[in-house]
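Each of the next two complexes has chain A plus one other chain: chain B in the first, chain C in the second.
Right, the complex of A and B next:
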């Protein structure tokens, strides 16, 4: 009798992640088209409008890139932590915590030189993100508590903390009772490069290379890979697996915290519950689609940023902005399914 | 009425090209404790799995009392009263003892549970309420529950796979008493699978011996059989292919002094081990698996800490030093567990090839991928490794190539001390020969080699001396002139004459 079994392919296809992403994107747009058909809209019209209004002019391209910045940074943080096969679901909370830490330093510290002050504020955002993941990281290292659950739970804690702050001690008396902290001063806004493009995007490019270097070219990244493969092998190799995993978690949290800081200094200019529109969750999709590769995260992050901008403008012609989110999520689904066929093959074996 | 409760005739079973059982006969009478003896891979587990309905035999007959069994699966086997306790327990941890005992369909004591539980827990000296959760039990207690589970399933034939492997000496004594009661007063037939001679002698009435899938001895009476005969039957002749042992031994390279190790439960794992290996010498370490060999290798190589005693590499005390400092003194370790310890699964061939020396390719925080690649290609050339894609996962290599990569990685720098655990296990003939050649080359270049192996042919072929480990101690040491399969077998069974 013949049996069919699934086995892993012997040769890894270097571009398989890219192809599956492409397939996923096509599937996602097909799903989007069906939804538009059902609403009696012409998908081609809607999609061309989305493209035009998200990348069609310098102005709209700037918007897309600004939108991509927090997605990319948080996605990079997730990918660094995933080097050691751990999942960070808490990027959303870390983004808020980065903004909260920034605001705390902003209130309690005054530095005359605004460039130095901006730098200090960005660093405090990074540290805020690290601080947010500190408890999950300690729980993982000391007691082995599942990090997926703890990082997810910290999101709720941080969002609760944000609500408390913006409704309480930090509430801006001039906000017409809107729950938000006071605006930061214009002198600490991140400078605009051109049109609307914030210099936050440059920071994002810089950190993409840092993440790439850390993961692919550094001793630290190597130790993370081995520790992620097998803790016993790490022990055998003389690698302190718990220590490197702990540091990776703090760095990854810091990336998301930095995303929050940049978002505050370039877009919202204040702490409010609207600071992040689910960037931390979308970043998980971005990181997972690209197989945790930094350069891929950068590119897909830009695409997803453009999709969000496109999604928000098509409301003007009566299409829900949720269309963009449907496309983003279906891309991941499609890509994961296709990735399966790149990784495994069906083989016929003789029954033994 | 048939005098046999179970008869197995001419059972054969093949896995791929391996003949696991070859026309095996096996007959059991009521109320007798049998021992089934054999080395690793002799076919003991295959036979037991056939009887408990997990494997289908390729050919042969199984007869239970007077009924010829056409088809056997776990459910039918248990209806006919065949029950097995596996080495890995099959209890549900977050259920109570009672829940686990009445779980089975064939359980017959649902109504008077407490009364029957009382009776059997007395026989087994299990002083626990039936409402206790399994997760709160010690290993020994879990095993008692496993055996009682068979009784609740009304098993008349109880197959116990290595039941004493996890027990303390006191628990072993208790088990012996309990099994005696069951066989005498309840007329249970018990089959004990083991390779410990001492227990065969203490526990059993009759003995069967398997070797390479053949039943080489049937129904021997335990009290009338000598240990030495059992060992000869179990191990047979040794093929000795010759390797010249004219190697010159130099200065001491590895020394272990009064080494002891205790588990978290204060259980003694290693007890007062001292040994010395000189440059150009191969010390073979024999012993039935689980007598402290893995732990000894791990302690010497720095993976296990918190031991007592001291370790010297090239006369430098490394007792307090970690894995990396020991490696820098040219210590290489080929661990027993290839994929999982020696190599990291899910990680690329390239990354795996660098595990020993990656810190030599570092410049500050930077890791030179060029250096790593050069290193790997020299490994591939020198050790004839077939690796189609160095960026693919390590598991894409065949077992032999994985071991060659691991050996090559550990040997290419001509280490002073090599600790090799089961380096040829599971490999085909050519790969075994290649690995033996590598070890002898290293010996001739002046390495001190500690070779842990369960393959006695291999130990006799390569070693200059052999030590035998038993229950965490070195029970006996043999010099080259004293090598004899009988004496070694006795020592492995814990008998020191």
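Right, the complex of A and C next:
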């Protein structure tokens, strides 16, 4: 009888993540086409409309890049934390916490110079995100509590907190019955570069390079990789793995918090439950699909941002906006399936 | 004897707990076999929407329940395929299952939003106004009793049968169970699908009795609470059931607090289960010296080494 066993390939293909992603994208669009076909819509028409309305003009391209900004920033945060082989499922909560921290500082502090004020607000968003992951980080590094579950649960705590704030103490009397905090003043809006493109995207580019440097080029990045590897190696190299992991988690949470701050200052201009539409979860797809590489996250983030914009405009022709989400999720599913063939070899062995 | 408000609270607690418990019990089975499935929320959604659509179109409640359970189970086999057979990351796969489940179900159920259901899952006993604890217990929905039966069966299987011990062994020590000759991939795959079926039953209960209608995102985080419940219960069915009662109580209490004259925001009550779970998780980990009762191999893909 023949038996099949799996072995891990010794040398992984350098470009395997890229190929997997391409295959995943093709599979996803095939699935999307089938869904559209079942709804008796012409897939080609719908997809070309999506492309036209997401990147076809300067205006729509700006929208896509704005949409990509929180995905990229939160994805970068996730990738930094993943350097130590830890998961951050809490980016959604950290995004909200960044916005909450920003609003808190905005209410309690007044700085005349609006540029300085914006900077202070962005920093407070970053700190808010770090604060949000503080408990999971402490629990992980001190007691060894599984960070997947704790970061996940903080999402719901922070969203509950947001609901509490926008329905209670922060509720804007002018928003009628819609639960939302008051708008921030126009003077602290992030400036527009051109068309609708917010300067938040520039911050995003800047932080992509920071993340790239931090992960790939710095001593800290080296320590991260060692700390994420074997415990003994870290001990031998004199690296305090727990301390390194703790700092990585705070930085990663901060990235997501910054995403929330930018979203508030450039898009929603106030705290409400609609501030993030699952950006924190989509960011996990973005980060995972690129194998946690910062430049990849930047590029795929833009693609997914454009997909989301495309998804929201095709509602006008009666196609559900969830199509974009289905395509995004299927891309990663497809990529995971293809990745299998790059990482493992199926060998036939004679059973004795 | 008891005022009507208390009985109402008890009734609502049991209903909320049933929904959470069934999904949690399914996840417990999956995790016992060493597979973490973060897709509970998505699987509940799929079960809920498929059950609801079937019920609207056929007005056959049993068929609706079966379709709901089966479709959630088939949907969860996607996770089984990717993680058990293709050995890919369980966290990522489970998360996509949630995202995909919610978006797919919203798309499928789009034309059913706001439709009125003609049939519902029956209650065991059609008491109009229960006026004692016993009557509340006896007038529950059929699914409530199914949940109790499932609790007994699953506890029995894990505590008293060789089959249960084998599943547990797969989750605890892959190498040992491999040399014992257990079929690891098969066990894990089946456990994943069973977990999906349980989540599907939760979903069916949600749309065919608990709410009963269909709208986008109506699972509203219950799948995540179910995941939290498994940890809260230390991977033990009975403790998970008590946890479900506690969390169900908190869910039922939220909208009622003001009638009792408390000035606590219902939104703060809503986040209590999550805070309790984090605290319990930390406390459990400290007291058991890093062992919270979790299956040791959870999240680790298995492949036979080349010998």
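The rule we apply is simple: the second predicted complex is superposed on the first by the 343 of 352 C-alpha atoms of A that agree within 3 Å, B and C clash if a C-alpha of one lies under 4 Å from a C-alpha of the other, contacts with A are read in each partner's own complex, and residues count from 1 in each chain.
Please note the rule applied: a residue touches a chain if its C-beta (ideal position, glycine included) is under 8 Å from a C-beta of that chain, and two chains touch if they have at least 3 such contacts.
All values derive from a computational prediction rather than experimental measurement.
Peer 1: So, on chain A, is it clash or fit between chain B and chain C?
Peer 2: fit
Peer 1: For A:8, using the defined touch cut-off, is the partner it touches chain B, chain C, both, or neither? Pick first, second, both or neither.
Peer 2: both
Peer 1: Which partner chains sit in contact with A:191 here, chain B, chain C, both or neither? Use first/second/both/neither.
Peer 2: Touch partners of A:191: none, neither chain B nor chain C.
Peer 1: Kindly classify A:149 by the partners it touches after superposition: chain B alone (first), chain C alone (second), both, or neither?
Peer 2: After superposing on A, A:149 lies in contact with chain C but is clear of chain B.
Peer 1: Between chain B and chain C, point out the one touching more chain A residues.
Peer 2: Here the partner covering more residues of chain A is C.
Peer 1: Based on the superposed arrangement, let me know which partner A:135 touches: chain B (first), chain C (second), both, or neither?
Peer 2: In the superposition, A:135 touches chain C alone.
Peer 1: On the chain A superposition, what angle, as a multiple of 10 degrees, is formed at chain A by the C-alpha centres of chain B and chain C?
Peer 2: It works out to roughly 70 degrees.
Peer 1: Note down the smallest distance between any C-alpha of chain B and any C-alpha of chain C in the overlay, whole angstrom.
Peer 2: It is 7 Å, taken between the nearest C-alpha atoms.
Peer 1: Considering each complex separately, which residues of chain A are in contact with chain B in the first and with chain C in the second?
Peer 2: Common to the two interfaces on chain A: residues 8.
Peer 1: Which residues of chain A touch chain C once you look at their complex with the stated criterion?
Peer 2: Touch list, chain A to chain C: 5-8, 35, 87, 89, 135, 139, 143-146, 148-150, 152-157, 160-161, 163-164, 167-168, 278, 281-282, 284-285, 288, 320, 322-323, 325-326, 328-330, 332-333, 336-337, 339-340, 343-344, 347.
Peer 1: Which chain A residues qualify as touching chain B in the complex?
Peer 2: For chain A paired with chain B, touching residues are 8, 10-12, 14, 217-222, 225-226, 228-230, 232-238, 352.
Peer 1: Within the complex, which stretch of chain B touches chain A?
Peer 2: Residues 14-16, 301-303, 322-324, 327, 333, 335, 337, 340-347, 351, 354-356, 358-359, 362, 365-367, 369, 388-389, 391-393, 395-396.
Peer 1: Using the touch definition from the top, list the residues of chain C that touch chain A in their complex.
Peer 2: 36, 38, 78, 82, 86-89, 91-93, 95-96, 98-100, 102-104, 106-107, 110, 221, 224, 227-228, 231, 265, 267-268, 270-271, 274-275, 277-278, 281-282, 285-286, 290, 292, 294, 303-306
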